[in-house]
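Both of the next two complexes hold chain A, though its partner changes from chain B to chain C.
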Partner chain A sequence: MPQRLTTHGKGLRGLALATLATISLALVLVFFYAPLDADQGFVQKIFYIHVPLAIVSLCGFVFGALLAAGYLRTGDRRWDMRSYVAIHMALIFGIAGLITGSIWAKASWGHWWVWNEPTLVSYLIVLLLFCTYQPLRFSIEDPERQSRYASVFSVVAGAFVPLNFIAVRLAQQYVHPRVLTLSGGHLPGSMQVTFLISLLGIALLYATLWKYEMAAKNARSQVRRLRRTLLGEDTMRPVGRSAAPS
Partner chain B sequence: MSVLLASAPALPLGKSGKFVAAAYIVFVLVILIYVAIMAVRAQRLEGELTELQHDVEASRRGAARAAQPEPHAAQTESVL
Partner chain C sequence: MILRKDLRLELRTLETIPAMVLFSLTTFVIFHFGLNRATIDGQLAAGVLTATLLFAAILGINRLFVAERDQGGFDAFLLAPVDRTAMLFAKAAALFTFLVVLELISVPAFGLLLLGTSLGGPLPGLILVLLLANLGLAVIGTLVSAIAVQTRARDLIGPIIGLPLLIPALIATARAIGPILAPGSSGSPPGKWLAILALYDVVFALLAYAVFDFLLED
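The block that comes next holds the complex of A and B.
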């Protein structure tokens, strides 16, 4: 019986165009609409790229954990693939967030990194935790065990993200500004609109790249399946150990 | 766009401008590197597809050749 084809590429063009439009709009708003910050001046413009990157990366880790829970519930390896790509993308966004944050710290505080700042250190811990995800996968050869162990790791590490966030929020001493709160935050209207559009743009970029990588991985596995069906198992080139789900 | 640029206030691109530019360049670079890696992978996939196409055609030709009776054997049969 032929396996059902999954079409992750469907709607990708529309999503990519929406991402492009939103990020373009966000850039225009950042540089030509949002007022200069009274305290930090022009350097504060980094806020519109750094904070959305950090938020989207943390949400990406939680998204990966939810998808991994889907694998543990169903045993369907497609969920593992989705979780793998979600965490992989979140790591890329996280690294970009970390570098932009470091540049902002240097411009604003005079240091590339401040070790006694809970927000920075906790974010680094989360990022380093998820950096071990790929080596963990790579260390397990059996695909079934690889998927299962990686999914358990993703769920546990994903649950750590909101816990970590709450712990940092409850911390008393920090130099990191608190501009986003449940009561609306301390941003003026024009800055808030700009920030929300930037956040939407980065979230759409994450969704587009996730979908794009899923489509690419799906196409690759379909080519391999086709080769196996048409030419037999003996024509398959041996696949080396890989961190990515096959 | 030109109207927007004309009406926009001048950006204070002093010392702080360099940091802002660096942050946005990092973002663009990360995305560009990712897209380049994905482009290489897509190219590799395209190669695999072409290879598969050749293999399938070769396999079909081989099967068609095997299905045809050999001309020498057919002649011998007719003589007999």
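The block that comes next holds the complex of A and C.
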């Protein structure tokens, strides 16, 4: 039966170009349009990278949880693949966010790590939790059970993200600049525009990378399938055990 | 019924609870030398007590489903005409009972060995906080244990998933216990932390109830 070759690459080129354009625009705005911060100076510009990275990675975790819920509802393993890629990407963005945050903290507060800072601490806890996602997958051998258990984990962990932020925030007084209140914060207009465009740029980058990895994973499994039909079973090397869904 | 089976098994073999109790007592000794203090009170005492109970609980969590897995209890359970969430409730209740027994011994021991203030005054408040904390530990512990027991490295996977999930509950527990163990406290725990702890318990109980079915399907 001829399998229709589906690629997730549809729209990937457009998305990539949009990402490139938005990020270039954001960088131009960051360096030439947004005013220098009054008391932090040039260092404050890392804000336009760090905060979007953090927000996008948290949204990525929740996105992964929603996709995992899709798997639990339908039992279709493509949902599990989507969820896996979403969490995997969010983890990379999260680590980048943690590093940029640490640099910013060193520059503006004088320490690499500040404990009395709920946003930082709760972010670290969420990241520690999601770091266990890959080991969990890796230690379950049966692929179907791997998908199911990983999905249950993602749903629980996704629900944990907002809860954890509430709990840790209540535990301490904050020194973080509260720029993301519902009223729009205390940012001057030009900074706010720059920030929103940076946020959009990073979100588009996440979407592009997600789509790209999905396309790559699909292409690989299709190549495998084609090779199996053309060359026969015995030419295939067995797939090594992996954390990734196959 | 599963609860009764678990409790009877524990009574006959005396395996998990004595290990948890011994572990907690040894940890108090380690804290005594590690902190180099004869007595502690207030927030430090709360931290020591919470951390010790947490790690003792981890021992129990690791053992929770081992008998089921080794002796085919899961298959038997799936054949039985009962709702699958019965397993969640029974196991959480068993873990809750284990924790209560653990605390019946290790909290007085903590009072004798390390605590600088008397245990009598803060006791009612302490019991309230610990019951709420046990509820959270039991629910999250059961969920994590059910995930971890099917994995290859289950003794590792359980704690590393469980600890981050438990952190908010532990923050609330430690903060609620801290003021009541301080010298000259009124003995009533701060309501804010009790409310957070209770809320966390409720949310995770609902969440565990929602996803537990998927962990038993086979």
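Definition applied: the second predicted complex is superposed on the first by the 233 of 246 C-alpha atoms of A that agree within 3 Å, B and C clash if a C-alpha of one lies under 4 Å from a C-alpha of the other, contacts with A are read in each partner's own complex, and residues count from 1 in each chain.
Everything that follows uses one rule, which is that a contact is a pair of C-beta atoms (placed from the backbone, for glycine too) under 8 Å apart; a residue touches a chain by one contact, two chains touch by 3 or more.
Note that the coordinates shown come from a computational prediction; the quantities given were computed from them, not determined experimentally.
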Chain B versus chain C as contact partner of A:148, first or second or both or neither: second
Touched partner set for A:139, first chain B, second chain C, both or neither: second
Which of chain B and chain C A:18 touches, first, second, both or neither: neither
Which of chain B and chain C A:227 touches, first, second, both or neither: first
Chain B versus chain C as contact partner of A:216, first or second or both or neither: first
Partner chain in contact with A:114 - chain B first, chain C second, else both or neither: neither
Partner chain(s) touched by A:125 [first = chain B, second = chain C, both, neither]: second
Partner chain in contact with A:164 - chain B first, chain C second, else both or neither: second
Residues of chain A that touch chain C when the two form their complex: 72, 125-126, 128-129, 132, 135-136, 139-141, 145, 148-149, 151-153, 155-157, 159-160, 163-164, 167-168, 170-171
Chain B partner contacts - residues on chain A that touch it in the complex: 28, 31-32, 36, 41-43, 45-46, 49-50, 53, 92, 95-96, 99-100, 103-104, 106-107, 205, 209, 212-213, 216, 219-220, 223, 226-227, 230-231, 235
Residue ranges of chain B in contact with chain A within the complex: 4, 8-9, 11-14, 16-17, 19-20, 22-24, 26-27, 30-31, 34, 38, 41-42, 45, 48-49, 52, 55-56, 59
Contact footprint of chain A on chain C as seen in their complex: 143, 147, 150-154, 156-157, 160-161, 163-165, 167-168, 171-172, 175, 192, 196, 200, 203, 207-208, 210-211, 214-215, 217-218
